[in-house]
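Right, I'll just put the structure down here and ask away after.
Just so it is clear, A, B, C and D label the chains in written order, and each chain counts residues from 1 on its own.
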Amino acid sequence: MTHQLLDRYEQMAVIRRTEKAAHDLFLAGKVKGTTHLASGQEAVAVGASAALRADDYVFATYRGHHHALARGASPAACLAELMSRSTGLCRGKGGSMHLTKADAGMLGSYAIVGSHLPMAVGAAWSAAYRGTGQVAVAFFGDGATNIGAFHEALNLAAVWRLPVLFVCENNLYMEYTPIGSVTPVPNPAADRAGSYALPSELIDGNDVEVVEDAVRTAADRARAGEGPTVIEARTYRHHGHSRTDPATYRPADEVEEWLARDPLLLARARLAELGVPEGKVDAADERAERLVKEAVAEAEAAPGADPADALTDVWADGGATWRS
Amino acid sequence: MAELVTYRESVAEGIAREMRRDRDVVCLGEDIGAAGGVFKTAVGLFDEFGPERVRDTPISEQAIVGAAMGAAMTGLRPVAEIMFSDFLACCWDYLANEIPKVRYMTGGQLGVPLVVRTANGGGLGFGAQHSQAVENWAFTVPGLKVVAPSTPSDVVGLMAAAIRSDDPVVFFEHKGLFAAKGEPAPPDHVLELGRAATVRRGDDVTLVALAWTVPMAMAAAEELAREGISAEVIDLRSLVPLDAAAVLESVGRTSRLVIVEENPYQGGWGATVASIVADEGFESLDAPVRRVAAECVPLPFADALEDVVLPSVDKVTAAVQALAAY
Amino acid sequence: MTHQLLDRYEQMAVIRRTEKAAHDLFLAGKVKGTTHLASGQEAVAVGASAALRADDYVFATYRGHHHALARGASPAACLAELMSRSTGLCRGKGGSMHLTKADAGMLGSYAIVGSHLPMAVGAAWSAAYRGTGQVAVAFFGDGATNIGAFHEALNLAAVWRLPVLFVCENNLYMEYTPIGSVTPVPNPAADRAGSYALPSELIDGNDVEVVEDAVRTAADRARAGEGPTVIEARTYRHHGHSRTDPATYRPADEVEEWLARDPLLLARARLAELGVPEGKVDAADERAERLVKEAVAEAEAAPGADPADALTDVWADGGATWRS
Amino acid sequence: MAELVTYRESVAEGIAREMRRDRDVVCLGEDIGAAGGVFKTAVGLFDEFGPERVRDTPISEQAIVGAAMGAAMTGLRPVAEIMFSDFLACCWDYLANEIPKVRYMTGGQLGVPLVVRTANGGGLGFGAQHSQAVENWAFTVPGLKVVAPSTPSDVVGLMAAAIRSDDPVVFFEHKGLFAAKGEPAPPDHVLELGRAATVRRGDDVTLVALAWTVPMAMAAAEELAREGISAEVIDLRSLVPLDAAAVLESVGRTSRLVIVEENPYQGGWGATVASIVADEGFESLDAPVRRVAAECVPLPFADALEDVVLPSVDKVTAAVQALAAY
């Protein structure tokens, strides 16, 4: 168990550093477009992944680096994607907002808020129909709870009693607006589970063990045919919404409070509590540091996206021809 | 000669054939179960394949198409019904932004082999929100195959092709054709997507049509024949893939083109066909390219008004006559 | 009060007969397209209208004859619309599914399920902004509670605390499917008000007095700045979903039970209870009968829709020109 | 000469001018309040007009546009922001089925004087779901006015016209132009919707462009001038009303037409322009009508790929050269 927690810690450390690298590369002009960092929310991805089977399905948002990495995408492949390299996860065609690693059950990052919830419902339907025992998980933000697709997805999943988990990463803000100012209930996901007669859990999203437990319990229920669960994980993003946002709208004491509850710090404290020597934790950090450093180098050295790829992959035959 | 069948029956027949062949084919939609669909285009499916494969849904177009997408990404071949094509607007994000883009934006990691089928078109007095022909909406989105059959046999052959396709297909069934009868499809009938049918040979003018406008163009061709004008009629059958070669080849012979489309003129699919011919077929043209399309207004309820708005045999005939005189 | 109830009764009798006439005209081939009769649901429209101000805003669905009539559209104008006459409410351009009488605050019937809920929210916003004290009411079916627009509308209305009433006519079916089979909570609207921290009322939609009371209370709250209310009125349609539906999917005893609770019968019984002589009630029926008979004659005699109207009213200038 | 201003600033300026003039003008959208909008196109409005007139909303595109519609039907003139134009798909029912049809289907009883403004277009590496140019979606819907300015001054003049219009307007602000600078709009600047601007006179070929493709066409025209080809450039400024007369008049003089559009070729707005000219302007054409549009694929993330997909100065120049040689 302490061994496992150390693993989780190391995974979170890798994610933290990969995103830090992404941020630095952005500032250096090597990453284009936009990025949405999940720094501060690593425990949700790592805890959930730890509780899932390798063949379970995960659907994430534009803020999805942590999920791609937690599901097994390499930092090098993620950074290469952000840097428009042909070795990127999506060969440079997706970018930061669309990280996908289908062969690891990471079925994509979607940049239209809420859109992937019905997809996860469909993947769960497919798993149930095929009798594979897989579950599907949709991770989404607090802001997504106010869009129609959220409502339709939860309702359909409930009626069909599908093996799907709805995991809300409530980081208190939708872009620059506090979620409380646009939502009439305090817990935007958990407080709404009742509309679909679904069980819900409101959890500490910064505690990787808590997340893992909650997701495992919900996944077990789902696999047992008992239907969906809504999990609302309270967490916080350390940075602004996206790379252009200095996040000045957040009160300093709120930021401070949450930084003190950094999931890496919490895990470190817990490891200490469990008697794991600090040296071991430091070693994990060092391995993470090295891994990400190498990943940056690897991504930088990789060839740029291949212009020929612009006209492939529209159709199953690999091409883009729409007329004869 | 086999007994004639309706276009309506052929929808269910086309789906049933594929469901028999492939257990991964599943259906979902509003009232498609025991009720057999509001247009009765799913009759028999529930009885034959049961509630696990023919699923009633809530009124949740986004969940219907979004769930079909998720299922298609993970091994199934869902056939989702959107009751009236107007309601595609309620789940347009999935049609415009999600389904057609996933393969591309993941660098080919994922595919979405599904069919979204929907009752399309006007002429039945259903008013502004239940009468539109919206193949042109789907046509604006790269990554969707867009199919619109005009005969019962084509319904079956194109449905088979659509369901077997590893690409997403939007399948437009025309409300105005449901009661139309035709030869039944032969066994194992599978058409190729993107191959137009030249349903009438002619020398003087090419009429390009789709779905409901095919019988209209045919009727106009009959009438024109009586006046000594020989019209060729092409049923496109699908907009994507678009059989532009068939159109260009025909115009190469006839030198005149009239496109008959049900959607409004502005932004209609015929405009793209016209622009291809005005570019690549420019040399063969002996007269202006003409489009007979709907007026640029919503669809009115009253018959007398709907007739003013929609294309008709008379409008097609008049357009050709004007061109012939050119 | 008995006087008022007799008035309500007569209004319901007019609606019932107008719809009966529509049905007969349909069978006679004089009404095209489709119709969705509200027979059995008259108490919702009449009770609500009685509680509203003349300048309040009402938004209805394709099943909206009763609301148009209750708000003051004449049977002749409604039937003329169904019969494609130029004297129709919308000059034959709308049809049964789009009855509208804007000058009576009946801001339209919308045929895309759920679409009008956000519109009502907007009308309420407008009223609040202008400080007019008006309220907006959206009437919708049980089936509409599963579509995304429902969720978005209730949430926005709640956050902005707008003077809007969401009145669900729960007639137990969405088309041919029992609402319970596609909804995981027993009361699809009322049970979901909590998701938006809104008050809700579950009422007998066949009792015109109950409806009137509930709507008045909610409208008062709204006018007092206390925000939206969700009202779920249980009711039943006497006919199938639309003209092509024989409604064989409904159990005979259910139909029987609800026919016994016909809002007209209930009102009649209540009038008797209140000591109103039967003759007075019969006289109301006779007036209704005569009014509708004359309306049918008037509509039949009216000129057909004017083909020139096909190309008007797209733009505010009255025309349809989209290019120069 | 006045100091130059940005296109971005001009958006807020255009809205502010109307809000000062008319108290019925109100704004709603995600993060448009204190934050000033994610593109900073609403900066200053919240401070000047307060939270009652500049309202933050939840992430609820249907509620945003649906509520704007209800408000517009009852006396206000709402200006609703949909953050990225791709998200119009999330509220497409309102744009396609509700807003444009209400006046018609009620026989003129109701009107919907609103503006839906949205950040449109690609070229910035935002990937497949945040980069589309979708004026052509709106163009398929009769009953919507469709505006897409190319200069700061036009932003103000067209915004005034859009907000004052008693008809619904979809107002496309191009992300790729936000940082572009130009002359500030004069006081009380109101343009007429549906009047194209001939931004460069020429004799040999007509280039028709919109929004982001206007500077592209201008740059191409410069380059062509150096080769002795004189290109006329028309900035359509709006698709509805469409200033077809201006295009036809120009082609009547130049005899050659190249349309430069950002959307994919299939279903693009340029196809309708091409079809009008191939019909009504047929006699004046001395060469094929050519469309320089995006490739029919989703928008890729990497610059090197996006460049392949989108139109460019080079592609326009090459198209004109090919036509000139015709």
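Odds and ends about this structure:
Here is the rule we go by: a residue touches a chain if its C-beta (ideal position, glycine included) is under 8 Å from a C-beta of that chain, and two chains touch if they have at least 3 such contacts.
Each chain and its UniProt protein: B, D = Alpha-ketoacid dehydrogenase subunit beta.
These figures come from a predicted structure and were not determined experimentally.
Looking at which of B-C and A-B shares more C-beta pairs in contact, the answer is the pair A-B. In terms of the distance between Cα centroids, chain C is separated most widely from A.
Rounded to whole angstrom units, the spacing between the C-alpha centres of chain B and chain C is 35. The distance from the centre of chain C to the centre of chain D, with each centre set as the mean of the Cα atoms, comes to 39 Å.
Separating the centre of chain B from that of chain D, both taken as means of CA atoms, is a distance of 30 Å.
Residues of chain C in contact with at least two other chains: 90, 92-94, 98, 110, 112, 146-149, 152, 155, 159, 181-183, 309, 314, 320, 322-323. Touching two or more other chains at once are residues 57-58, 60-62, 86-87, 89-90, 93, 97, 100, 104-105, 127-129, 142-143, 240, 242, 266, 295-298, 300-301 of chain B.
Listed in rising order, the residues of chain A touching chain D in the complex are 32-34, 81, 84, 90, 92-98, 110-114, 143-144, 146-148, 174-177, 181-183, 249, 304-307, 309-311, 314, 320, 322-323.
Of all residues in chain B, only 30-31, 33-35, 38, 56-62, 86-87, 89-90, 124-130, 266, 295-298, 300-309 touch chain C in the complex they form.
The touching residues of chain A, when paired with chain C in their complex, are 146-152, 155, 158-159, 181-185, 191-192, 194-198.
Interface residues of chain D, counted against chain B in their complex, comprise 86-87, 89-90, 92-93, 95-97, 100-101, 104-105, 127-129, 134, 136-137, 139-143, 240, 242, 263-272, 274-275, 277-280, 282-283, 285, 287-291, 295-298, 300-301. Only residues 57, 59, 88-94, 98, 100-103, 107-108, 110, 112, 115, 117-127, 129-130, 136, 148-149, 152-153, 155-156, 159-160, 309, 312-316, 318, 320-324 of chain C touch chain D when the two sit together in their complex.
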